[in-house]
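What follows is subunit A paired twice: with subunit B in the first complex and subunit C in the second.
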Partner chain A sequence: MSRRSKLPKIFFGLISIVVFGALFWQSKVIMLRLGEPAILTGYTLMASMLLLGFFNFRKKLSMIPIGRASTWLAFHVVLGVFALALFGLHVGVFWPQGLYEQMLAGSFYMVSLSGVVGYALQRSLPRRLTQTGVEIIYERIPAELAEIRERVEALVLECTEKSGSDTVAQHYMGTLNWYFQKPRFRLSHFVGGDAGGYWLRGPGGAARRYINDVEKEYFDQIIALAELKSLVDRHFVCQGVMKKWLFLHIPLAVAVIALAIWHLILVNVYVI
Partner chain B sequence: MVDVGGVATMERPQRWATPFGLDVSDDDIEMLLKRSDIAAIEADRFPAHTSLEGVLRNDARIVKYRQGDLVVREGDYGNSAFLVLDGNLRVVLAPKLPNDMLGRHQTRKKGFFEALTQLWTNETIPEVRNISGYKQQGLRGSADSPDARVFLQDVPAVLDEHRTAVLQEGALFGELAALGRVPRTATIFSEDDAVLLEIRWQGLREIRKYDEGWRRKIDQLYRESALKNHLQESKMFGGLDDEKLDAVSNKVLFETYGSFDWNVSFQRLRGGSGQEPVLARQGEYPDGLLMIRAGFARVSVKHGTGERTITYLGAGDHFGLGELYAAWKNPEIEDMAMKTSISALGYVDVLRVPAPVLEEHVFPFMEAPATTIMDLASTPVADDALMEWAVDERFVNATRAMVIDLEHCVRCDDCVRACASTHNGNPRFRRHGKSSENLMVANACMHCADPVCMIGCPTGAIHRSVQSGSVIINDVTCIGCGTCANSCPYSNISMVAISDSDGRTITEPTTGKPIFKATKCDYCEGQPGGPACVRACAHDALKRVDFQEFNSTGSM
Partner chain C sequence: MRSLRGYRGRLSLLMGAFVIAIIAAFGFGEDGVNGVSAFNTANPGDLSAAHANFTKDVGCAACHEAHDKTATQWIQAAWTPGNLSKKCSSCHTFDGPAESPHNKTFKIDGAVAKTECAMCHTEHKGAGASVVAMSDQQCHACHEKKFTSFSDGHPKFSKDFPSRRRTAILFNHTSHLDKHFQNKRYVDKAPKQRCVACHDTALADRNVPVRAFEKTCAACHESQIAKRDLQLLTFPEFEANPFDPAEILAACGLTKAAQEEVGELSSDLAKNLADLQDGDGSKDLTARVNEMKAKLGLGDPPTAVEEYESVSTETLPPLAVLLLGVEDGEDPESYTGPMRDLVNAMIESGDEAVLELLSERTKSAKQLLAGMSPELARSVACAWAGNQEYEAPSESSLGGWFADELSINYRPLRHGDPVVRGWLDLAVVAGTPDDVRNLLLSKSEGAGACAKCHSVSREGGADKAVKVEWQFGAQSDQRHVRYQHKPHLNLLGLGASCETCHTLNPDAEYDAGFKHIDPLNFASNFKSIENKTCATCHAKDKVKQECTLCHEYHNDHSIRKKVVSNIQEK
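== the complex of A and B ==
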């Protein structure tokens, strides 16, 4: 229902193409005049990286009208791609020589890659979470899991009391307890698989053939809670990834900017 | 509650289980019945189960006001009318009383740099208040006292500076707001000590129903004061001259369906399938045009074994025009029946314009309606899911609902942090709420078209901002009684215990009880740039929407 506007990305994209074209042309002109085009591309790249970094500060400045965050994100994404292209123009090769330059290039590629991956995750994971049909705040998930576990254990106890049989209790202690202890099948949830459901249909539900009708009633409720837990696990994993990728992207970005500033100082002191 | 044979039982709740005023004595009733204005009511026309005495005892209360007390404020929503028993009141005509005198928040837009200072001036402790500012407002009573109200501190000065009219003993006022669910149109205060009979809407409706004199009096007041304007605002009657408009307005019928306190039953029966009062039923003969004056109505059509909602109507909308026009245009068709039903969504106040009036004054001069309501039923039922949900959950009341598209939301909580950054470090909503498919309506104030939260606020602290239309709370005059929070059908108002800057809970000196304040989304009133939550969403997932527009466009 909600539609993202593509206009900011198109607008910033066109500007970036024009600016990059101009820089490319100017670099060739400088080279033909036996000048050093890396000074022009380097300073532009430095400015781009600082502008990219300012997106994070914008989040802290929600109280002032400095444009919508969605416009800033569009700018950030386009500028990121522009910076990657400009990096290629500036360095001239994929992998530079010299340890310091290699550290700088490595960090730059990693921050770019983490940005692309993070952006892709943010476009795909929300849809998968919505399709679970449940919605839960990330910080509430541990409490929710504990509550599910308590409800299951109460059902197991009640089942034993009412049926006079401990088959379900034994199955819980031997098999299901592992499942309810913490989020399981994290990789499967992350890639969109159904390993949790597969496990519940297999080992998780294995005791079904050995229980009587009274126990079945309780067992079905336990399996329903297990299925609910699987959805909560999916939220835990996917929401966690969407939150935590920034813990990689932002420190790397800070490192790149710090390395680039030192690179700039060295170039100004020893080269120019 | 009694346990009988393992089954819990209780007496069925009755109409007057909770009287309006708890201390109406026999002497009071005797005194009231002797008054000429009440003695004139034909008591024997009231049925035994709803006697006039019962109405006075249970739907009315005697309220004493001291000099300067504000009785009603312009713009407030109320559910009761007043009869002056003793003393003089003043209606403020012009100029209007300023907001601060009325106990309302004085909104001032922050500048860019003033807004920026919130970056370092916001508190890290929740709900910190500077209580020295609370003493400046004229406020009588506390959260526990029934007569808590705002008062004017200098009545002679108000009388000097404002043109006013006197309301004396026997005057009836507030009936329009009480019966029509419309804001109070004037501010009235007590010139000296006064005694008023406050009648809640249920009682007023009974009196109007059974007593011809009061019905004529109330209807006449409405016809004189608001009906003609209301008719003129509609396209159909806008072109009529004064004479014809008078003829129309004299024949218009006033009707009210459903319960004024719909929010109470809605909270109790949320998600249930309670019966909605029907205004007109599919298959019946169309006898008049229904014009919605206040509240909401559902238009539905039979589908399978159920009713399919095809649209809903709010204030200013009308129902039945297509059928009435077709019946007039094609008199040879004998079996001209309503193609849809209309029912009250909680509460609806309508004007019924009889068909002969339309045939005489309107139809000959108007073009055939271009579309009919039935055109809406031509879409697949799956397309109606969003509207059915919005109607069932009463989100149709929203003018600024916080709708989050969960397929775009990355659950980063930037919206919550942005809200906190503009509200002294405290977010004013929860990123959680009812969902339908990919849309979630978060627990944020929706700034309702029918703001039930504003009814019953003893000090008028919760009010609609004149500048922006947002429903806001004046923290200074809020006495923490919780009436608004209890009334909100969507649980979007929170009661919070306030603290000083050291994090100590502020308590009442005598009882040691914490002081509470009502808090909610104020739509960033006073902040530059509009609601921070919307601006902070990097994925365009969060929007503030008017559900009426939202449903018609189907997009955010």
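== the complex of A and C ==
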């Protein structure tokens, strides 16, 4: 990461630390005046959560020039950490007493955790995908996989015709066909393993020792396509995870905001 | 085909709708049993055990007015400051306003912010949570003098601490412990165990109460009680006989003296009859008969002042002046009529006449005359109406109401005699004549010698009543300080260990503090306890020393009887 890309995080981070410090100090002051610091921290936390939620809308409003996406991401990440700390200050305990408050806290922790995990994925997976040397748009991957499969099947037919032997065809039907049907070894791709390559070197390439030279020429092309498919699989899995973790993060964030709004109403009606 | 972003958006909407559905379904849920079990979005946690029972009937509305109200009322409530403190005060009572710091025990200059219960007390933290647990920081929120801990910076205890007023009983500890019992006459009665000879450590609590009078003071002071009679009434000197002899004779019969005369008169009568029979005219029979009638009390009343010689030369005592409502107990013109009426009424109705008269002066007349015999009152009245001294059939030795020649008196039966207590209580009532008050409260002459030890005090301003302090009063009337003697006694050991903290101050002018009725103007028998004495143990890394260990915020906190009875019913 370049120094330039770190600047927004440092900037927002410093501001957050100052604001949190001020809130912490002010909470103590309020407490020592026998006031209720949860009012200050609660309203600030509510505002923080709404700002965090606005990040999702900003993505939909990309046509409006309201700052760079990376700056917004930095703001979102820092504000998320700030909100987590503020939540601790507001609640005072890790796990509150009331069932509703427990739902709220549980949802908040899940949003925070999904945010942290998602951010970690966003930081690590692209680097791994860059190392593949392949660039594919996520939505194009199914078509790309189908195209690879068609090319492999064409090579198998041609090999049978040219060599007069069906060894490669038999191997394809018995073993390789499974591999080319859809993305395989997803967990391995997600965690950065090479189970696909290991499989190709093992069961996938086992027929090579039984074929003649003509067949070997075709077989090597098929294995090369299989290796390409492995890279495409990696893209499919990693890009999918990078897109799908938001299926957890955003709906949970919506739930937290809805729960918090009701909590705010109850506090104002019942207590303050 | 919908994009991932589209699916995500739809899922987010579903999640939001799910939350709203949960709130709609359970947001206004049941209160649950004891406010504990039901899922109610408004319930932020279980109530403390102390409060759980109170919500049983009315649920959350017991404290939260907005509960179960309409949407409009909710909106109003959201914009209206909460009034939880008012709800707390519907059960909790204090000696002073609930919303004032320390329930307004202390005089504070300037404006003071209103206090709310929730400033210190937090509920819904679970059944096992303490609602009353406080931190030292909470105390420091208001107190200007801030310090680290008791052993480090706590202000010095007040002068004469822990005494804030004089003792209820005038008991000079210094002279009793170190002077009186040095005298050979009393050395055998000296308290060998010093403090605990009188203070009962078995009952030690905030104070160590004194044992009963009979077990302590009586050995030396009991005999003084019966020596001080209360004189209610005397038969005063009259310039002329105010009574009608015929009426008195009819009501009382012959006086005792007249009955004695009958013996002499019978011989005179026989002699006169013999003279009459002999026709001896040397004697004026009319004069003789008149002389006999006079002796029998049957003659016409003396018409000239000089003919009447009062048997008494007394004046009316202060209590009689009060009783009769006369202006001057030394002026016969002032008291003759009322006294005649009283004596006549006593002849007719005995002690009822005195009771009736005293009832006009005080509501406690029955107590003041308790034990007075109707026969005593009537006999005394008959004797006095006949211008005779009353002769008691026997001398009173047990105490109670008795009469001697020319007075009716009361002798205290024992310590705590209710009749004498009643008269002393009357003495301090506003409007009681000074001479009555001075007589009854005289240390040297007062009835029962009560005032010798029991102080007379008025606490809390001129508008408060003056009262005789009959009970051994609590010395430490510091409502925001709590202290338990018992654990300290057990720790330090019984007996002389009291003097570890309570050191006698031989220079204190203790007795001078009882020459007036202001109990706050006093000198303690003891030197003020010093912080360092307590800090010997209550210090960092030793015994705990937080503010609430010794201080109580509220002033005389209690629960309304209605609430307590409701709980008992449940």
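We adopt the following convention: the second predicted complex is superposed on the first by the 268 of 272 C-alpha atoms of A that agree within 3 Å, B and C clash if a C-alpha of one lies under 4 Å from a C-alpha of the other, contacts with A are read in each partner's own complex, and residues count from 1 in each chain.
Please note the rule applied: contacts are C-beta pairs under 8 Å (C-beta built on N, C-alpha and C of every residue); 3 or more make two chains touch, one makes a residue touch a chain.
Since we're looking at a predicted model, the values are computed, not measured.
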Checklist line | Fit-or-clash call for subunit B and subunit C when the two complexes are aligned on subunit A | finding: fit
Notebook entry, point to check: First (subunit B), second (subunit C), both or neither: which does A:M31 touch?
Noted result: second
Next item on the list: Using centres of C-alpha atoms, tell me the angle at subunit A that subunit B and subunit C span after the overlay, to the nearest 10°.
Entry: 130
Note to self: Looking at A:M63, would you say it contacts subunit B, subunit C, both, or neither? Reply first, second, both or neither.
What the structure shows: first
Next item on the list: Identify the partner contact of A:K243: answer first if only subunit B is touched, second if only subunit C is, both if each is, neither if none is.
Entry: both
Notebook entry, point to check: If you stack the two complexes on chain A, which partner ends up touching A:L187: first (subunit B), second (subunit C), both, or neither?
Noted result: neither
Notebook entry, point to check: So, A:R127: does it touch subunit B (first), subunit C (second), both, or neither?
Noted result: first
Next item on the list: Have a look at where A:G98 lands relative to subunit B and subunit C in the superposition and call it first, second, both or neither.
Entry: second
Check: Once both complexes sit on top of each other, what is the least C-alpha distance from subunit B to subunit C, rounded to whole angstrom?
Finding: 10
Next item on the list: Enumerate the residues of subunit A that count as touching subunit B in its complex and touching subunit C in the other.
Entry: 243
Margin query: Under the definition above, what is the set of subunit A residues touching subunit B in their complex?
Written below: 1-5, 59-65, 67-70, 72-73, 122, 125-127, 129-130, 135, 137-138, 239, 242-243
Notebook entry, point to check: Which positions of subunit B touch subunit A when the two form their complex?
Noted result: 112, 115-116, 118-119, 386, 403, 405-412, 414, 417-418, 421-422, 431-432, 435, 437-440, 527-530, 532, 534-541, 543, 554-556
Next item on the list: Spell out the residues on subunit A that touch subunit C in their complex, using ranges where they run on.
Entry: 31-36, 96-101, 103, 243-244, 246-247, 250-255, 258-259, 262, 265-266, 268-272
Next item on the list: Write out the stretch or stretches of subunit C touching subunit A in their complex.
Entry: 4, 7-8, 11-16, 18-20, 22-23, 26-27, 39-46, 60, 64, 66-67, 74, 77-79, 81-82, 84, 115, 118-120, 124-126, 137-138, 140-142
